[in-house]
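Got a structure for you, written out below as structure tokens; questions coming shortly.
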Amino acid sequence: MLTQILKNVKENTPLVHCITNYVTVNDCANALLAWGGSPIMADDVNEVEEITTICSSLYINIGTLNERTIASMLKAGKKACELGHPIVLDPVGAGASSMRTKAAFDLLDQVGFTVIRGNISEIKTIASGAGSTKGVDADISDQVTEENLDATVAFAKKLSEKTKSIIVITGAIDIVADHQKSYIIRNGNALMSKITGTGCMLTALIAASAAANPERPLDAAAATVCSMGICGELAYDRIQKEGKGTSSYRTYLIDCLSQITEELFKEGAKIEIK
Amino acid sequence: MLTQILKNVKENTPLVHCITNYVTVNDCANALLAWGGSPIMADDVNEVEEITTICSSLYINIGTLNERTIASMLKAGKKACELGHPIVLDPVGAGASSMRTKAAFDLLDQVGFTVIRGNISEIKTIASGAGSTKGVDADISDQVTEENLDATVAFAKKLSEKTKSIIVITGAIDIVADHQKSYIIRNGNALMSKITGTGCMLTALIAASAAANPERPLDAAAATVCSMGICGELAYDRIQKEGKGTSSYRTYLIDCLSQITEELFKEGAKIEIK
Amino acid sequence: MLTQILKNVKENTPLVHCITNYVTVNDCANALLAWGGSPIMADDVNEVEEITTICSSLYINIGTLNERTIASMLKAGKKACELGHPIVLDPVGAGASSMRTKAAFDLLDQVGFTVIRGNISEIKTIASGAGSTKGVDADISDQVTEENLDATVAFAKKLSEKTKSIIVITGAIDIVADHQKSYIIRNGNALMSKITGTGCMLTALIAASAAANPERPLDAAAATVCSMGICGELAYDRIQKEGKGTSSYRTYLIDCLSQITEELFKEGAKIEIK
């Protein structure tokens, strides 16, 4: 049962080492705490190995990366590999600059990721080195739709086989796939793209879920994506009821992460196996 | 009509390259999304040219600058100039240290800014190299009042002529001026100075508005300043009604940016041409 | 009277130079404004001396430190010492990596701190170089309880004598001690550990309070710790009443900091001298 995934996070309070961008770092920390994990942010090359050693998993996010932090990501990633920790990558803006694309490729070469989560454009960049990225949003031409869903699932499974990582593609429809099995998730709300950080937070939560459920990383990723979508729906209901805007939406989204229960998950999940 | 300015932002979703401080960067990102734009933050010297090339405008903010990011600001600024993109400067704390003042002057020398927005103290530093700055707030002796308004407008117009930039001075009374024409705006609420980031957010929004209204940068800046002030008033009404404090005020300010309509703008605008 | 401490902050609006981590920096800025102070963040080695000179106190927080910012902390700290400004240290994660521990020790060697605030694990690291730290939370085995309270107070007083700094240990029970006198504070709510930044914010507020009450740093620290705890209780009441979660809790905590009055302080304070 996927609800066990949530329970294991709350019971284990996994400590997640985060090397992430300075735009949404506070949201990631608060989302991790709300979800039942515990964050520690550390990005200096002289401490990342020690920090990652005392943690249960590693979260690498390449938004606002720079030469200093790329070195730290590589060093932390290799250490976490050695230790067998789950490692999760958010290739923010891969494809938007050659530096980001190269950083993503270097990470993929040198670090074995348990999960890679991005929008379809970022994941295509990961796959091919030829994607295009408009900011941090998926290109319109690259959105996952009911029409191209089967093809995209096949693409995700193939990429998972190639990278040996679980592939998570988020958008209007979310796909969570390993080389054999995929979850299709239809939760969420369009307003999630009108605040910054939903993708970053989700990837951070996956790092916590994977740490608390080491035998079931695919289920852990799927349950987390689904929960985030449900929270996006519940938060939308709250702002509609109160007549509020996008900043309240961000607040309520994290509120809901701290309030989601097994019952809310079971009632709300729109998830199927493909 | 100034309402067209708002409409053009929503319809064009301009992508704004932001090189800004780490204190209010999340607020800037969420404010841009609320306003109808889309943010991308990137400050490494190796990617800023590519990133600014895929964007519609550039926002440079010198709060928490350092030697690494100063180089990035200059490089991005020159590239955006070449491309003819609107470029907006927030000289946070210019005058507070010789490093910030010098960075501001170097930027002015090497980059042609479409708009420069600051408090009166920062703008005086820009003008003369002799201003004084207490933190990020205007000195009491330097506030714009009804008594010195005409003189300050004349100062702003002259500075605009000298810098070839639109000058925006914000405070209890706001001035938006080019070398010929100025808008005087009397919207806003004193509580806006009791949260961090209102200035930074406003400057970011101006970058989006200028990108979506390339033929009318003066109107774009004025409509944005006026909208921010109206949202500051609406947010104040909400916290008064709910008995809340300054953090809720910040949330509701961004909420209002996501909810402002042409009607609310027309009803609320306290704007005159001088 | 401790209420005078709060009054002095509001009346003096002390400008606090903050060199702090990028995770909670926005919370620190907004908390300082809510409390009645004014923040300025600056961490480049070329400007920290000038910035600290125009401020009333200095706040150093070693979360997300790096080689560049360690140099800035030392330089700013020495300058603030020379100027006789109150200087407050938050040794976030001291003990979690040798780099952080060394940075904390170097700061203690070269800078005279007015106040040092941490959880028991961080403070033990400060004391001995032999503490253990799990992320930013105190080890379970190291929590302050009614049983070990007297011993911990004695430890704090001894450490204060050794460091010549006021020692603030926060947790379920808070201790504020100099070498002779200690305040024991039993305000607060467990939910304060489910959001990031309560410790960082508290230390920043102490820097403001110490600046506005230069003759009474012990009382200033105690009144601030107590106020933060009261606000944690009031914010909890609000979210319970509204059925909200942890992100609303963060918002309401800062709201309450902007709304606390002498009356609320007097009614709510659970403080004793030991």
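Note that the chains take the letters A, B and C in the order they are written out, and that residue 1 is the start of every chain.
Criterion: contacts are C-beta pairs under 8 Å (C-beta built on N, C-alpha and C of every residue); 3 or more make two chains touch, one makes a residue touch a chain.
Small disclaimer: the values here were computed from a predicted structure and weren't measured.
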Practice prompt. Give me the chains shared as neighbours by chain A and chain B.
Written response: C
Fill in: chain A on chain C, rotation in degrees - Cα superposition, rounded to nearest 5
120
Discussion item. Centroid of chain B to centroid of chain C, CA atoms only: how many Å?
Written reply: 33
Worksheet, complete the sentence: Where chain A touches two or more other chains at once, the residues are 22, 26, 250-251
Worksheet item: Across the complex, what residues on chain B touch chain A?
Response: 15, 22, 25-26, 29-30, 33-34, 38-44, 46-47, 50-51, 54-55, 68, 250-259
Worksheet item: What residues on chain A touch chain B, complex-wise?
Response: 21-24, 26-27, 63-67, 93, 96-100, 134-137, 194-197, 244-248, 250-251
